[in-house]
Amino acid sequence: MRAYIIRRFLTLIPILIGISLSIFLIMQLIPGDVVSGMLGIEANPELRANLEKKLGLDRPLHEQYLSWIGNAVKGDFGKSFRTDKEIFPEILSRFKITFQLTVMAAVISWIIAIPLGIISALKRNTIIDGIVRFIALLGVSVPNFAFATLSILFLSKVFKYYPPVGYAGLFADPAKNLKIMILPAIILGAIMSGSIMRMTRSSLLEVMRQDFIKTIRAKGASEKVVLFVHALKNALIPIITLIGMQIGSLLGGTVVTEQIFSIPGLGQMVLTGINQRDFPVVQGSILFIAFVYVVINIIVDILYTYIDPRITFKVGR
Amino acid sequence: MDWFKTLIKEIAKVIKGLLKDKVGRIGLIGVLIVIVLALGAPMIATHDVTEMFAKSKLKPPSGDFLFGTDDFGRDVFSRIIFGARVSLKVGIISVGISATSGFILGILAGYYEGKTDGIIMGIMDVLFAFPSILLALFIVSVLGPNLTNTMIAIGIVSTPVFTRTVRASVISVKSMEYITSAKSIGLSSIRIILKHVAPNILAPFTVQATLALSSAILTEASLSFLGLGIQPPNPSWGSMLSDSRKYMELAPWLAIAPSAFIIGTILSFNLLGDSLRDVLDPKFKL
Amino acid sequence: MDNILEVKNLNIDIVENKSTKSLVENVSFNVKRKGSLGIVGESGCGKSITAMSIMQLLSHPLKATKGKIIFNDGSKSIDMREANSNIMRKIRGKEISMIFQEPMTALDPLFTIEEQIAEVLKFHTDLKKVEMKKLVLEMLTKVGIPQPQRIMKNYPHQLSGGMLQRVVISMALILNPKLIIADEPTTALDVTIQAQILELINDLRSSYDTSIIMITHDLGVIAETCEDVIVFYAGQIVEEGNIMDIFHNTSHPYTKGLINAVRSLGDKETELFTIPGTVPVAGEFSKGCRFAERCGEAMAICREKEPELMEISPGHNTRCWLYNGGDTNV
Amino acid sequence: MSNPILVVENLRKYFPIKEGIFNRTKNYVRAVENVSFSVNERETFAIVGESGCGKSTTGRSILRLIEPTSGNVVYNGIDVLALSNKELRGLRKEIQIIFQNPYSSLNPRMTVKKLLSEPLENNYKLGQKEIQEKVESMIDKVGLSRKHLDRYPHQFSGGQRQRISIARSIITNPKLVIADEPVSALDVSIQSQILNLLMELQKELGLTMIFISHDLNVVRRISNRVAVMYLGSIAEIGETEDIFNTPFHPYTEALLSAVPSLDPMVKKKRNILKGEIPSPINPPIGCVFQTRCSKVMDICKKKRPELIEIDKNHKVACHLY
Amino acid sequence: GDSKQPQEEVNQPVDSEQEVSQETDKPQVPQVLKYGTDAEPGGLDPHTISAASSIRIFKQIYNTLIDVDDDMNYIPELAKSWEQPDDITYIFYLREGVKFHNGREMTADDVKYSFERVLDPDTAAIGVSYYDKIDTMEILDDYTIKFTLKEPFAPFMGNLTSLYGAIVPKEFVEEHENLMVEACGTGPFKLQEWVPDNRVVLVKNEDYFEEGQPKLDAIEYYVMTDESARLAALRTGNVHLIKLPAASLPLVEGNPDINVLPFQTNDYSYLGFNLTLDKFKDVKVRQAISYALDRQEIIDTVYDGEATISGFVTPAMGRWAIDYASKDLYKQNIEKAKQLLADAGYPNGFETTIAVGLFDDIRNIGEVIQKQLEAIGIKAEIQNLETGQYIDAWSNKGHEMMVGRNGAGTDPNRSVAFFFSTTGSANVWGYSNPRVDELCEMGMVTIDEKEREAVYNEAQELVLEDSPNLFMSSHMDYFFSRKEMKNFTPSTFNSEDFSKVVIE
């Protein structure tokens, strides 16, 4: 087990190298650079040269990469070109916010999706099933920005409500924090729930078809036991895989929601960074997001081994 | 063209199966409608999509403008109809890119295992670990924003999913005895892959493709929202929807029309995918 | 009443998209108290679904549409086709238990052997955990599992097929049920293991006075374990009787064919005996006798009219025009 | 008869099990351990044994569908293990294999016609017409009709599919056919049809056959010589009748006595095995059968018995002899 | 159409402080202005940052020596008066008792340090060209400083009004190395906190040199990129002030809680050509395109009519601007356009691209122009560029045609020389007209206002005729404010003066 976990973490290294290299190259390839961004219409060759020197952009590429990655390994992601602030602490504080949003959204989506998925599976091919599946598909097919805009409009016009402006940390001011986070979390959660609902339904149906369910019934189990003790646990693996992937992709996918609700999360940071061509910020945060994503996947893999004794500690996809 | 006849026969069989299933029927009809709209756009549209009626900005639906007009005074109905073209094109071409590359990579990784597998899946893992919308954003930024590049970006972003699905099915097909049988009659690897492996992973692959189509349409919408989707004045549903946000209050029809079409299309593709899974699957559980 | 189970005119249909197809038709048989009934027949002829219908374990799209399934435990008799789920729950595992065909897939992969056997106790008794554990351990020892203490903590995938089948058997026997339905309990196993399991079942049956239904396609297994036999072909009973009737007074050409096919293996000189053709698919039966296509003795009437099950000697019934007295030569 | 077409010597196949942080191979499944036998021209050589004892692995190693770990396979004087991939593909039209599972051994997406013409197209340069002719005559030979040619495997019953498999295997005119449990998945009434077909074809085409099975009745009926395998090694090998009449190895004895008799009157004296089959990952030191053997001795736990000839052409690996 | 505004005004402020204060019988409304802004500031160093989102904030923190009023007259700020003994010498008399936010008094030393910092290449300051004519700075006493220029430079006074020349305290800069996230100025507000991508909070500078100002205790800037979010927050009273484009005007019509405060901007929109490309080298082509445009339609479609036809010296610059609207080139004339195009050798038009970006109105203008050009056979493909790319295309001539928006500045020198002299930093078009260059030189050294006016009038006429850019319009901007916010009057050159604002 320990060996397995260590091995899983070792697989991280090439992936992170791959990501750091590609993000570094992408940033080089993207037209536009921080210098012209910062100087705007005032740019002239002399100003450019001054600024490039100041930011260290006059060094050869491989040198820039190596010094960046070398420091990153030590937890030093450098300083923002724009604000000259240390990036790593900033990433961490932003990550807390995005992570909170993600977790809230995930929990909300489970609350919505799993019971509905179960009902839909149990009432297979009935009207209820039809309605639930339709709702789930809506969730899958509505772009979240449209949903978010509609909610803002609806709440402000009909209920005269808008979440408080000015972000407050979860621990600094829990009440305000929740007021700010709940609406975007609901929106993200609702959208996420579509696919979880579908997954719950289909994997539950799959499990219910299996032979051992008959054995359990033959032992005299009530349907409740069949469903909640055995079927659900067996159906969990694909659901967890999906949840893991969703949580992972939410970390970078909350961009749109964060922007609409002015939540100072990691997504906003990356987006601002991209727009401003603030290379260290973008590189650092993408690397961090990727790192968390892979770690979440590893955690999911480890979770499997707790749920499913058949899954041995082998590296696989 | 023996395989072609077979293919047509297979398709006919699948469509028959779909028509038998209520869900499949709805999905198929929905998809057909979108295709008809896209193909017949010039005939169905009532106005030129770029013509601006400065006097009729943001007008609600009327006999003249069936779905109203937008902030430039352009006819929303006609733009929606032509939007079907763009959205469908984005969907089909980007899925075409990701499906083709995912298919090839997935087969190579799954069939050869070992180092090939390690390298291919390593790259896929790297792609996967990028937040997808940001990756798409990067790619569009690098290549420059236009229709083609948007499709390429969406294609690249959705390649890993295909590769994984294909690889997983190849691995399961590979354990089938008919693959060993093919080896035992002396077929070369290439031939085995083409004749025996590839045709047998079509089912999960097709299902994945219908689902990817809908996510491509959505991704395009999100890219448009971030300002990097389809370039004006090409009407794509995603860009229409994201442009309409500002007027959601003033001119809700601007948002309703593209939303309804996006939802309808995605719904149809998903229903089709769901039903396809049912139609294609049992045969493969042999 | 000396029958523990009486099945009368049972029909099992497959209901799909408003169309119905009959899989099992008009099947009646009895299981004697302390008796053992064998059901033989080829793959797909409806043996398993018949067994499952007894326990009300059929699930969509299968349905027992007609008939009675009377369970009589000596004090009361219940029609199990119509019993509600509460009653069924009390019967399942306690009064009647079932051993399934595939030991590899019959157990929940996510729970330990101990948990799964103890569940039966949990559903039907108020025993404490320790007591349950003790019982499970006893039972596992009884079915001959080595190192039961250790195996109990294992998960299904860690055991071999033979071991799993023993686990399934202990699960079926732990509450000492009155009737055991064993659906091909040894088909998935090797001969040496099969011999072990059959011996185990025979031993347990004689020490607990349990009735048994043994479903199999292996005539040898029937010969070793059963008193009465019914032979299934294409969803119908084609012959029934006690074991001597079936093996030594074989009447139906299909049963004859089966027995000859196996016997001729032992005879190197002659060609192997075969039943030509294949089993017809449900829903595609011709109007006459369902075996007529493959029967060497088929007559004109066989293709015209379906024969009834008729008694040719006391307790020995067959479904064949050959035994229909005067009509034979029509 | 004494003209060996195939000689297998000290065949060994270990499947690696990867473990640990760096995925190094730490352990092996010893699926086949030092197996030697030879097969004479035109005879049927049977391999019997319980599930997982290495029968299929042995069969497939001969064709190099599985690369053996070590040993020698000589077919008609050709060192099979030394062939290049290309040469090997050429050899495969002479040695063919029929698989156990009629459901998974035919590609569900190919018509019968395609399935049968594929080996021809691949191995010979033939015109469409010749192929058509050969396919048609073969389909007749295995007792199917020509109208079946355009159907797909799932439209056939198990027995019919096994006929298709057989046709596909022998259409290239192989000399040696390895039949890996070709009837195990079939119903009794169908089993004999297939066995008859195989025996007929063998006679007609002069095939040599390696017949793998766990069903002793079938083996006894069909084969000239038998090898009994247990946990990767051969326990006993000899003429079929000798083995069935006078089994030497305790395992062979148990195997024979376990077969249920068809007569309810005769209750056989059973020799029921106790104990567990050890795992091929950690086979015991000494005789692999020691854990279940009723006649186990001290030496059995220390030394692995050699296969020794104790009667004419009858060899056994047991310390009792 | 049932979205009538509710008449009652409840709008409970969400802030808890406010709830408390409502309980006291004399309602004491906290004097905190909440301002929903559209973009995150990109650093707060007035010397190196040119982003509007940053200027908006550090404008409240820093001061310059002098300022300019709406009639373009120079007015005192940190300098209470000044004199100009000759063409190259300027003496400024500083206010006394002005304190930096760290409590130290501002003196002539700080003025000298600030301009030295700007001119130091290591600072990479933006305003170098504004002040690089400075030869020496001489501190006459604590409150008097003398600037000597290398040569006469007419725009010097105008440039001093720019925040690129903000006065910063030396010891603070040295302590923090730069002024990106920390700030210390002499302005009416001091920086309290900056939560990135969320808010900037400024609090009152109690020691501000203008007596009785500011009235507000604090200004809170909230970053709300989404327009609908901004409007929703304004409606519910969560913020007091937002900026929205004209298109949103109907949304607040009849809403008694919301005031709309329009003001004329100093920006003009343009269509620029890449003059290094063959097709745009010929002035006939450029003029043809000018004739093809219907500027009023652009204004109507994009700005809902709320903009004025403009040149590159905007109407807001008053006397400096010539009357563009009446020029022939500004009148749509398709016939003439086609004729010119045919003369230039493109009777059937040609294909090209229009780069757009940065702002919605620019994108929209691009779309309208694209449509209008169809009439003369020019097929233009729109390239909607993301911010970084747009700027890149702009500075690297990576475009064919490009729509954009420029600020005209406070001095015509900037409006003309910066963009259209051969060596102008912002002349990214490849435009060169020796006479214009000559006029620019003259404009710099001509001190007499009337003469200068004539010089720049001629330059404008020339540029107009050469059409390296086609100019469209100068638009209105709109503040939407809660009625609780009083005494706020935005103007062109001082749109965010909150010094008198109170919250009721």
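Letters A, B, C, D and E mark the chains as written, and numbering starts fresh at 1 in each.
Rule of thumb we're sticking to: contacts are C-beta pairs under 8 Å (C-beta built on N, C-alpha and C of every residue); 3 or more make two chains touch, one makes a residue touch a chain.
Quick caveat, the model's predicted, so the values are computed rather than measured.
So if I look at the partners of chain B and the partners of chain E, which chains show up in both lists?
Both chain B and chain E are touched by A, going by the contact rule given at the top.
What chain lies farthest away from chain C once each centre is taken as the mean of the Cα atoms?
If we average the C-alpha coordinates per chain, E ends up farthest from chain C.
Higher C-beta contact count, A-C or A-B?
Answer by contact count: A-B.
Just how far, in Å, is the C-alpha centre of chain D from the one of chain C?
Their C-alpha centroids are separated by 32 Å.
Report the inter-chain centroid distance for chain B and chain C in whole angstrom, where each centroid is the mean of the CA atoms.
Centre separation, chain B to chain C: 50 Å.
From the C-alpha centre of chain D to that of chain E, how far is it in Å?
That gives a centre separation of 87 Å.
Return the distance between the CA-based centres of chain B and chain D, expressed in whole Å.
One centre to the other, that is 48 Å.
Would you please write down the residue numbers of chain A that are in contact with two or more other chains?
Chain A, residues with two or more chain partners: 30-31, 149, 153, 157, 274.
Where in chain E do residues touch two or more of the other chains?
Residues 3, 228, 386, 388-389.
For chain D, give me the residues that contact two or more of the other chains.
As it turns out, chain D has no residue touching two or more other chains.
Give every residue of chain E touching chain B within the complex, in rising order.
So the residues of chain E in touch with chain B come to 1, 3, 227-228, 247-248, 250-251, 297, 300-301, 360, 363-364, 366-368, 370-371, 374, 381-386, 388-389.
Mind listing the chain A positions that touch chain C in their complex?
By the definition above, chain A touches chain C via 124, 210-212, 214-223, 225, 230, 233-234, 307-310.
Taking the complex as given, what residues does chain C use to touch chain A?
So the residues of chain C touching chain A come out as 52, 55, 57, 60, 85, 89-94, 97-98, 100, 102, 105-111, 119-120, 123-124, 155, 157-158, 168, 171.
Would you pull the chain A residues touching chain E in the complex into a rising list?
Residues in contact with chain E: 30-33, 36-44, 46-47, 50-51, 54, 82-85, 90, 94, 149, 152-153, 155-157, 160-162, 164-167, 259-265, 268-269, 272, 274-277.
Can you list the chain E residues touching chain A in their complex?
Its residues touching chain A are 3, 6, 10-11, 14-15, 34, 36, 40, 42-43, 48-51, 121-124, 126-129, 177-178, 180-181, 195-199, 220, 222-226, 228-229, 231-233, 235-236, 238-239, 386-395, 398, 406, 425-426.
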